[in-house]
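There are structures below to look over.
Shared chain: chain A. Partners: chain B in the first complex, chain C in the second.
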Partner chain A sequence: MTTAAIIVAVASFALGALLALLTIPVLVWLERRVAGLVQDRLGPNRTNIGGFRLGGVVQSFADVVKLLLKEEYYPSHIKSGRWLFMLAPVITFVAALLAFMAIPFADTLVINGESLRISALPINYGIFWYMAISSIGVLGVIFGGWLSHNKYSLLGAARAGSMVISYELPLGLSILAFIITYDTIDFNAMVQFQSGTFFGFLPAWGILVQPLAAIILIVSLFAETNRNPFTVAEGESEIVAGFMTEYTAMKFAMYFMGEYVAMNTASAVIITMIFGGYQISWVSTEMLLENFSVFAFSLMVIIPLIITVLIRWMRKNNRVRPSIKADGGRDFETKVLTIAMVGMTLLVEAILIYLVFLSESSLANSIAVTLFQIVVFVVKLMLFNIFFILIRWSVPRFRYDQVQKLGWYYLLPLALLNIIVTAIVVVGVSL
Partner chain B sequence: MLEISIFSILALFMLGGSIAMLVNKQTLFSAFGFLVAMIGLAGMFALLDSRFLALAQIMVSVGAVVVLSMLTILTINAKEENLPHEPNKYKWIAFASLLVLPITLLIYKSTSALYASFATMQTINSKVVGKLLFSEWVLPFEIVSILLLSAMVGAIVIARKDVVQTQGEES
Partner chain C sequence: MSQHTREGSITSDHIKVTKRHGNSFRDKLYLPAIYDGVKVTFKHLFKNLNNINDIETLRYPEEQPTDITQRWRGLHRLTHRADNSIACVACFMCSTACPSNCIFIEATQRQDGKDEKMPASFFIDTLECIFCGYCVEACPCDAIRMDTGIFSLTGNKREDFVMNKEQLLSHKGAFAEEISCARN
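This part shows the complex of A and B:
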């Protein structure tokens, strides 16, 4: 391994870990703010550190401190298997975290003729890895539910287990349809396939090439991650909190964070498989590298526009009601953030100008393209996470038998039919 | 040296998991032992650089077999006092493990000379795996599927007897 390869590997691993772990507080915050949006209220936005509220993200850190300092209550009726009772949330969390590691954040970076993958695990069988590792997660739920020695927990665990079994089948079959279409099990090759077009103008995104399989994939992943409308395993109106009933403090927080990591992973898989991953449609990596100066100039125009809109939005919204005199440091926060944003924009512009006019190295260009693709990936990831959250706050929960019926009676036959049609079409095209 | 230490740790996990599965009274701990043994086995495959087998092992044994057996355990919800009384359990386990030792050695000798294509697949090439499965290995593949089919038919027959009986009692 060369030095460059080691640096890229370490950097992508750090990026993967950061994207998986640092999105947890952001997602918790987004969940509460989007809930506020849906219910026409504000959500948490007062917590601050020295006047900095960042729209309320600081609240998540206060929550973490609360969960860490809470009393570690241990139910006394649990006689045997304490260690497994403690281990169960960790299994769920680690499985969700590891499953995220196969996602590519950008196209392969070519340094001195050596192509390096920008994903935490540089493997070319990503979808296989995801399917294998994510199936471990439910084991933590089942262990936790069983060892709680509590009827509600047991019901929740049984529900979670049977739901995973019923939705793993349509999930696997819909993924199989994508594998037939893309002709690969490599996430990166899937994204590269999606940067092309079909019928001459439509982007070859999975949702347009395979609409039925895409819908089945999204629905099954909602079920796999235990998100609404499939929260039957922890349906608080029926079975208290399901498998989480006996869990407190940090043990509960592990389940809680595991759910958000799983949601993040599911969003990443969905955008990688059916929404073009880190690519912008119609624009492939080669095209960006060939026309780098055009790309850089358009970035130079677009970034200040976006930043201007952001700053104007912040100046308009980041204030208390006019009738209240004390602003609680909000003007100061707005000022500092404005300066920071303008400074960063100027820095990016300077780097782009340097790359276009002064630098001759193509390596710097490809690193710039890679960074751009990472940004695109993160933006898409966050958009799809918001979609997950919006669904949670706008759709009521299914009854348990309806969940099973949807899985077995509708999704499974549809996925099977889709595979047959896909196979016939693919073979027919290749003839 | 590193390989040997990793191998020893994995082997310890596998042995411990298998023994825990056999010895434990509570069925869920047996399932956990099975889970540990299976993950250890997947680790063995990964140590041999056959990533396809390692991931397939996790996907099939952990994702399907362990989850299904745990679901069965949850559904049956057997109490410890309802389990059969086995006074000579440990003697039988020791005796049986001595008994299968020559057979295990025979299997090891015969399979170590087998076709090494699956075992040396460093990067998973799904096309090669598919073509091998449906050309050279099509007979074992079909035999395995017949085995699964017979198991499924057997399960349905066993379950159906209960259903028919309860229906007969009701009417």
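This part shows the complex of A and C:
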């Protein structure tokens, strides 16, 4: 291994860990703020460090501190299987975390003829890794509910079990349809396929090439992440908190964070498989590298525009009502953030100008393209996470027998039909 | 006879049939309904994201509620007479009426000739109080009222929540009537 390979591997591993872990507080905050805005409320917006609220995201860190400092309570009625009781939340959390690691954040970076993958785990069987690891997550839910020795927890575990048999088959079959279409099990190759077009003008995104399989995939992944409308295992209006009833403090927080990591992972898989991953539509990595100056100039125009809109929005909304005297340092925060954003924009512009006019190195260009693709990936990831959250506040929960009916009567036959049609079309095209 | 006619009069146009939803193909697809739901949530999200200060919630510590009515039961107060002395005659009506036994009165003789008795001490344990307003109803002298409009009482220890006579006298009424209507 060359030095460059080691540096890229370490950097992409760090990026993967950061994207999976650092998004947890952001997602918790996003969920609460979006829920508030959807319901015409505000959500947490007060917690600050020295006047810096950042829209209230500091609240999540305060919550973590609170959960860490809580008494480590252990239910005394649990006699056997204590270690598994403690291990169960960890299984859920770790499974979701590991499943995220196969996601490519950018196209392979070619350094001195050596192509290096920008994903935490440089493997070329990503989709199998995801399916294998993510389906372990539900074991944590079942163990936790079972070993709590509590009827509500047991019911939650039973429901989680019923969920697994409902969604795993349609999920696997819809993924199979994608594998047939893309002719690969490598996430990165899937994204490369989607940077092309079909019928001449449509981007070859999975949702346009395979609309039925895409819908089945999204529905099954919603079920796999235990998010609404499939929160049957928690069912707080029916079975207290389901499998989480006996869990407190950090043990509870593990389940809680695991849910958000799983949601993040599911979003990443969905955008990688059906929304073009780190690519913007119609534009492949080769096109970006060949027409680097055009790409750099359009970025130089677009970035200031986006930053201007952001700053205008912040100046309008990072204020208290005119009737309120105390401003709580929001003017100062707006000022500092504006300076920071303008400064970063200028920095990016300077780097782009340097790359276009002064630098001769093609390596610098490809690193710039890689960074751009990472940013596109993160933006798409966050947009789909917001979609996850919006669905939670739009659709009521299914009964668990309804989930089974949905899985077995509708999704499974549709997925099978889709595979047959896909296979016929693929074979027909290749003849 | 009448029984027969009543039965005979029930025809199909008199029976109200509730229309059941969910059987059409569109309903069974479920996705259009999700689309409709997401459209509503999206609309609210973007409307509120565009102007956060338009959301009609009370920014509580800075903005105080303005819709407290005269009959709303807030923290208690003891009323005064016209000469600013206490209106209470220590008759123990309020502490007798109190369902949570949170009023503790000690009576003493009144020296200024206006009445025979007055409270030497008057404690209300607001942690016990259920704010039912029975003390106000029971008072023959209009000496205790709950029209202060104070809805938030904070303290660092339990003792802070036991109101004594001076504290209760210092509370001002939030509405026009300041002095006792019965003793003046």
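Keep this in mind: the second predicted complex is superposed on the first by the 431 of 431 C-alpha atoms of A that agree within 3 Å, B and C clash if a C-alpha of one lies under 4 Å from a C-alpha of the other, contacts with A are read in each partner's own complex, and residues count from 1 in each chain.
In the analysis below, a contact is a pair of C-beta atoms (placed from the backbone, for glycine too) under 8 Å apart; a residue touches a chain by one contact, two chains touch by 3 or more.
Worth saying up front: this structure is predicted, and the values here are computed from it rather than measured.
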Chain B and chain C placed together on chain A: clash or fit? fit
- Message: Let me test your reading of the model: by the given contact rule, A:F52 touches which partner, first (chain B), second (chain C), both or neither?
- Response: neither
> Once the shared chain is lined up, is A:L139 touching chain B (first), chain C (second), both, or neither of them?
Replying inline: first
Chain A contact check, chain B vs chain C, more residues touched by chain B
Item to check | chain B versus chain C as contact partner of A:W408, first or second or both or neither | outcome: neither
Check your understanding: So, A:G161: does it touch chain B (first), chain C (second), both, or neither?
Key -> first
* What is the contact status of A:G81 with respect to chain B (first) and chain C (second): first, second, both, or neither? -> first
Vertex chain A, Cα centroids of chain B and chain C as endpoints: angle rounded to a multiple of 10 degrees is 110
Review point. Which partner does A:W282 contact after superposing on A: first (chain B), second (chain C), both, neither?
Key: neither
Classify the contacts of A:F13 with the two partner chains as first (chain B alone), second (chain C alone), both, or neither. neither
After superposing the two complexes, the shortest C-alpha distance between chain B and chain C, in Å, is 30
Where chain B and chain C land on the same part of chain A: residues none
Per the touch rule above, chain B residues touching chain A in the complex are 26, 28-29, 32, 35, 51-52, 55-56, 58-59, 62-64, 66-68, 70-71, 73-75, 77, 123-124, 126
Touching chain C in the complex, chain A uses residues 34, 37-42, 215, 316-317, 319-321, 323-326, 390-391, 393-395
The residues of chain A that touch chain B in their complex are 80-81, 84, 123-125, 128-129, 131-133, 135-136, 138-139, 142-143, 145-147, 154, 157-158, 161-162, 164-165, 168, 179, 184-185
Contacts from chain C onto chain A in the complex sit at residues 31, 34, 37-38, 40-42, 44-45, 48-49, 51-53, 55-57, 59, 62-63
